[in-house]
Amino acid sequence: GGSSNPLSSAPATGGASTGSGGALVVGSADFPESQIMAEVYAGALNAAGVTASTKPNIGSREVYFKAVQDGSVDVIPDYSGNLLLHVNKDATEVSAEDIAKALPAKLPDGLAVLDASKAEDKDAMVVTKATAEKYQLKSIEDLAKVCSEIVVGAPATFAERAYGLPGLKKNYNCVPKKLEPFSDGGGPLTLKALLSDQVQVADIFTTTPSIADNDLVVLEDPKNNFIAQQVLPLYNKAKMTDKAKDALNAVSRILTTDDLINLNRAVSGTQKQNPKDAAAAWLKDKGLAK
Amino acid sequence: MDWFLANSGQVFTLAGQHLALAVLPMVFGLLISIPLAQVARQSKALRSVVVTASSLLYTIPSLALFIILPTIIGTRILDPLNVVVALTIYAVALLVRAALDAFDSVDEDLRQAAVAMGFKPVARFLQIDLPLSLPVMFAGLRVVSVSNISLVSVAALLGIGNLGMLFTSGLQRDFVTEVVVGIIAILILALLMDAVLVLLERLLTPWTRAGAAPGAVAARPHAGSGASPEKTGPAAAAMRLSDAQAGGGGA
Amino acid sequence: MSNVITDTFDWLADPAHWAGAAGVPARLAEHLQYTGLVMLIATAIAIPIGLYVGHTGRGRVAVVALAGALRALPTLGLLTLFVLLAGIGLMPPIWALVILTVPPLLAGTYAGISSVDRNVVDAARAMGMTELQVLFRAEFPNALPVMFGGFRTGVLQVIATVSVVAYINLGGLGRYLFDGLVLSDFPQMLGGSLLIAGLAIAVDLVLALFQRLFLSPGASSQSNRSRQAAVDLTDPVTAEAVVKGGMS
Amino acid sequence: MAEAMIEFQSVTKRYQGGQPAVDDLTMSIDQGAITVFVGPSGCGKTTSLRMINRMVEPTSGTITVGGEDVTSVPAARLRRSMGYVMQSSGLMPHRSVLDNIATVPRLNGVSRTDARRRAQELLEVVGLAPSLGKRYPSQLSGGQQQRVGVARALAADPPVLLMDEPFSAVDPVVRDELQKELLRLQRDLAKTIVFVTHDIDEATVLGDKVAVFGVGGKLAQYAAPEEILRAPANDFVASFVGRDRGFRHLAFSPSDGVTIHEVSTLTPAELEHDGGPPDGNWNDGWKLVVDAGRRPLGWAGPGRATGAGPVMVPGGSLFRKGETLRRALDAALSSPSGLGVAVDAEGRVAGVIQAAEVLAVIEAGRRVRQGAL
Amino acid sequence: MAEAMIEFQSVTKRYQGGQPAVDDLTMSIDQGAITVFVGPSGCGKTTSLRMINRMVEPTSGTITVGGEDVTSVPAARLRRSMGYVMQSSGLMPHRSVLDNIATVPRLNGVSRTDARRRAQELLEVVGLAPSLGKRYPSQLSGGQQQRVGVARALAADPPVLLMDEPFSAVDPVVRDELQKELLRLQRDLAKTIVFVTHDIDEATVLGDKVAVFGVGGKLAQYAAPEEILRAPANDFVASFVGRDRGFRHLAFSPSDGVTIHEVSTLTPAELEHDGGPPDGNWNDGWKLVVDAGRRPLGWAGPGRATGAGPVMVPGGSLFRKGETLRRALDAALSSPSGLGVAVDAEGRVAGVIQAAEVLAVIEAGRRVRQGAL
């Protein structure tokens, strides 16, 4: 977005006016995992006595980041690497530690992040077993050789993200034949397209249960195109209390990548659990709520 | 069904939000269109300006409008107000035309009779034009109601709470049940709104259901009586509305 | 604000946005192609049924009820449902749009036929036309202006609504809206909106010209006269025809 | 009699600068009388009428009502002081009949109860059942609607009533009734009525005076209807008045001078045993067949006994005593016997009249008029 | 004269099981004549007419045309063998006037050029300018549209013409014209015409025979118009025929026996120098003022010399030689002098007639009819 983006011109001061009595709004991005994490945060907050509601499905980072900035939502689960790249396009950090270190300074005034969890969910280049065999693919480096023949299925943002087409080109000199955009955040459409060979490579989150379920191959990323992505809360300082911070930090201390995969399976797998219920079950299980 | 039962609370919450987002624009639209139509009736030029503008407004995709609006009115991106304003704009686009037709549907002779009886303009508007335009106005409202309820779901793409969320979520989770529940819920909502409007109209226009006296027809000039014993098709003049609307760009 | 507008024009003026598979010409072509496909299928379904119902008056109640119910269907929901059920590809979204386009076309056809002066129909029958001749020589030509009006409305609606197929993975000008949305690229969205609105206006102009050139002036002047008649919006069928698109 | 109630002084009306719709009209309308504007379509009748209550403003000239220039009164108040009835009844479909009638009193600030009470009375005045008050206008027949329209115009008891083709949309039978009703009302209430019609017959029936407008909004003749039929001012009026004006003019001559002769009557029972015409019967053997109440049934023709004709032939039109020469002559002309049947108010046979004698009365009347010239 | 062309045999029509719209109708319609169905609204005229071309199917009974049961022919073909004209012209708005007229020939397989040529001829037959052929119906006046409707009905030269109130939507002047035109056409083409109207005057003007329908779809009287005016079969017909039927009936009596007397005439110039009535003038001193072409201008009254009256008074209605007794009597009745002015075909004064003499001719006619009974 340019300087003309209406989202950036939205008044940051508006945030204080929405809430009353310290009630927090937990937002989420437009894919299920984010929604689950939002429910987890909200559940943990409520359990700790901080009134919190959720505002799911806001959109991509470009949208929800502004929403946190202007106070439309107070907290949102985010991923450390991408968040850093969002606030600093030229960031070179790749490891979890470096990113965690660099991040706070780069955030604009009024925004901050809490402790990062161990749970990680990055974008990954995924192919079917058949494709992997056909082209002898193990890593993205292998992919680079046949790049011009393949179609990549990914969210439309992939075209502009540092790890997306620019990153592929920069790190692997891979320019795919075509980017087929999907709006389901690596969900069923992307999967269907991959399985039916409409796309040969898909951008699917590593925590997606369907990777295991369908025997998909996650291509290795030796050049760290996809940098570390720890789940962590991004928040607007205006309404955040210590009590709330403690509650969220408690979640981050416990949350693991496997937890994420299981939560995703509960919601998007055959069980079709409501994100809120899945979150509640997890919190209860971990003793963070009753 | 199981899913619906398990999540009925959520569905009802979304339905409530959905309804609010659909109804408010209708109310605002009505409050804006009636005076606007009354002004547009003053001259042919004004009328065609209003009519053309309303058809142009309608060619703007709603998603675009939802997003453009914050720049223009200074709201925040997630503010449901954007949806309300956008849908109000669509409602006005439809209702101005409906209101124009509604006022046109008031018998000119009757208006003249009112003038001849010594009604002043405001009294005439309130006591004659407004009540008598109700049937056509309600027809317009019913159209807007259905179209609004359907349009609101688009706002789910922006994360503004309503039944459309069931579609986005259903898509991401590959969950047909959720989508079907969403569709059915929206249909039911539309039907309920329609029923409410019909009921309201019945309450407000008792005279329209007073059956014509057997001899009342004789008041018409002899012309045409019995000339077409076949069924007389419903007047299709209303096509004008959509027709002229479509023609807005061509005018 | 002025930034927004200049940026939008910059976006539109950028030659990079006018080339390649994601360029405006390609998107425009896709958009028109989808629109044409939807209109073709919807017309093929709606016109015969509309003619039948309009001519015989049979099934009017069913058509009205069905049209009303279909009209309340949310585009987004239908689209999602079809894609989930039938998978990605061109046809599922197209069918979803067809279902949404049939009601207004059907209502327009029906309203067109029944707007023809019953005396004209009566006279045609009295002259010894067979039922088919009555339909195609008397009713149809005179219904054309109204029917064509319905068709034009339908086209506009589809042009606006086709944008939504970009939510699935199809192309069309709607792509600019969705890509712009996820990237928060405001000029791209506004540019896309302008392109869609412009396309709608341009297509409507062409259709208007077509109408002027090819429809009988006698028939149109007839419908002009009937247009001056009081509008019976209270009739569900005619009110139906008023429904407009603009959903994206 | 006539004091002037409404005066047009050199009134001209042009719409949007075109040809004049009303051209230099000067006329004065009598108080307490019915003045009819008649003329072909588009000749400016409605325009003239509407200038009286300022629904249309004249381009030039002045109009006074009761001596006051109409422009000196606010338009709305002026209009409330005049009743207005038009072709389409103009009733408000969303209000009950009573409330329709009560409209102007309500505008004048009369309380709802009083206005309704007055409306209820008026229903009777215009000959409608009181129970109709609660209905909506659409539940009335066309004729009833027009009566309500008249009642509404009368509600505020205005001295002036403007009526624009009030009866032209109802069928002929109902129209006759409404015309009679209007004449009766006028007798009782003595309003100043200006009545527009395009039907010269209606004009001659209703008008105390008739103004014939010509094309281009010019007043062609303004006189009593009798005079317009007898002596149209010019060819336009003559052709507008149309055929049969000699005969129709007879409607203005009383039949006082016509002798009613005795007639031999039979009952149907007597007819069966009747031997046919006695010789030398002055009436060619015709006898009038009557029922037990002496109401005429038909004529027994002279051929009945010989079998040369039907036993009874239908009679002609009836002449009610006191009616005009027009009816008298027609009764005589339409009778198979050449004798018009005269009946009394109850419809009983009073005697017969002869065409020649009617003609003589007509002729005498003509000479009297001639002498008066 | 008349051979039967169309026959109704005990035809009854009930719509949706209600009261009969047409009740047990038996009548036969003469070939080459105009038969008029007349009656109040809703009495089944249109229904009866439409059963002839099977636009409506009878509930019971049979209808034959030219001896053939109408149900034995496919409906579409039957209809093509009959012209049909209705109140709203029913012209197809999307086709030019010529193409409208050519419709039935085209349906019958005539080539477009031939059909258009024929249509062009027909324009003239119905009295329209050939140039109108290229217009669309909406570009014609109501009267012109009706003429086109008639032309269209005539296009395939069908032996039978069905006309349903064809002239009732046009104004009175145009209606007169169209009626004359129809009579002229009928003289030339000798079609069998069934004509529906609710206007008894139109019925008597046009009909060779008139069928009066009563409420409930019953045929009340079926006879020559002259007879219906003279001897209505019952009270219903009498009241439907209405007022003045004695007078109107005179329209069926030729004025042959009426003596035309000489009259003394003056030109306006002579009138100025005229010394007034010579003594002993049989005519009370009235003189007829004529222009240079001997066309009547008015009457110079007897009072003119003494200043007791206007110099010239307008004349009455004119009696054209060869017209009926109705016009003769009216001319005499409407004349200020008591003398009806008779003119020849060119409008020149032929003489004067006296009311009493007209009456004598009427009386003589009555006796002749009586004798014939």
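Labels A, B, C, D and E are assigned to the chains in the order they are written; within every chain, residues are numbered from 1.
The criterion applied here is as follows: a residue touches a chain if its C-beta (ideal position, glycine included) is under 8 Å from a C-beta of that chain, and two chains touch if they have at least 3 such contacts.
Being a predicted model, the structure only gives us computed values, none of them experimental.
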Quick check for you: compute each chain's CA centroid and the global CA centroid, then name the chain with the smallest gap between them. B
Give the chain pair, either C-E or B-C, that is connected by more C-beta contacts. B-C
Farthest-lying chain, centroid of Cα atoms versus that of chain D: A
Measuring between Cα centroids, which chain is at the maximum distance from chain E? A
Distance in whole angstrom between the CA centres of chain C and chain E is 54
For chain A paired with chain D, centre-to-centre distance based on mean C-alpha positions, whole Å: 91
Need the CA-centroid distance for the pair chain D / chain E, whole Å please. 27
Here the gap between chain A and chain C, centre to centre from mean Cα coordinates and rounded to Å, is 39
Pull out every residue in chain C that's touching 2 or more other chains. 4, 83-84, 119, 122, 167, 178, 181, 186
Residue numbers in chain E touching 2 or more other chains? 41, 86-88
Check each residue of chain B and list the ones that touch at least two other chains. 71, 156-158, 168, 171, 174-175, 218, 222, 227
If you look only at chain B, which of its residues touch chain D in the complex? 107, 109-110, 112-120, 123, 128, 131-132, 205, 207-208, 210-222
Touching residues of chain A toward chain C in the complex: what are they? 1-7, 59-60, 62-63, 66, 153, 155-157, 159-160, 178, 180-183, 188-189, 192-193, 196, 198
Across the complex, what residues on chain E touch chain D? 41, 171, 229-234, 238, 243-247, 249-250, 284, 301-303, 308-310, 313-314, 316-317, 326-327, 329-336, 338, 340, 355-356, 359, 362-363, 366-367, 370, 373
Quick one: in the complex, what on chain A touches chain B? 6-7, 9-11, 14, 27, 30-32, 35, 55-59, 63-64, 66-67, 70-73, 183-185, 187-189, 191, 267-268, 272, 274, 276-277
Of chain C, residues touching chain A in the complex: 3-4, 6-7, 21, 83-84, 87-88, 167-169, 175, 178-179, 181-187
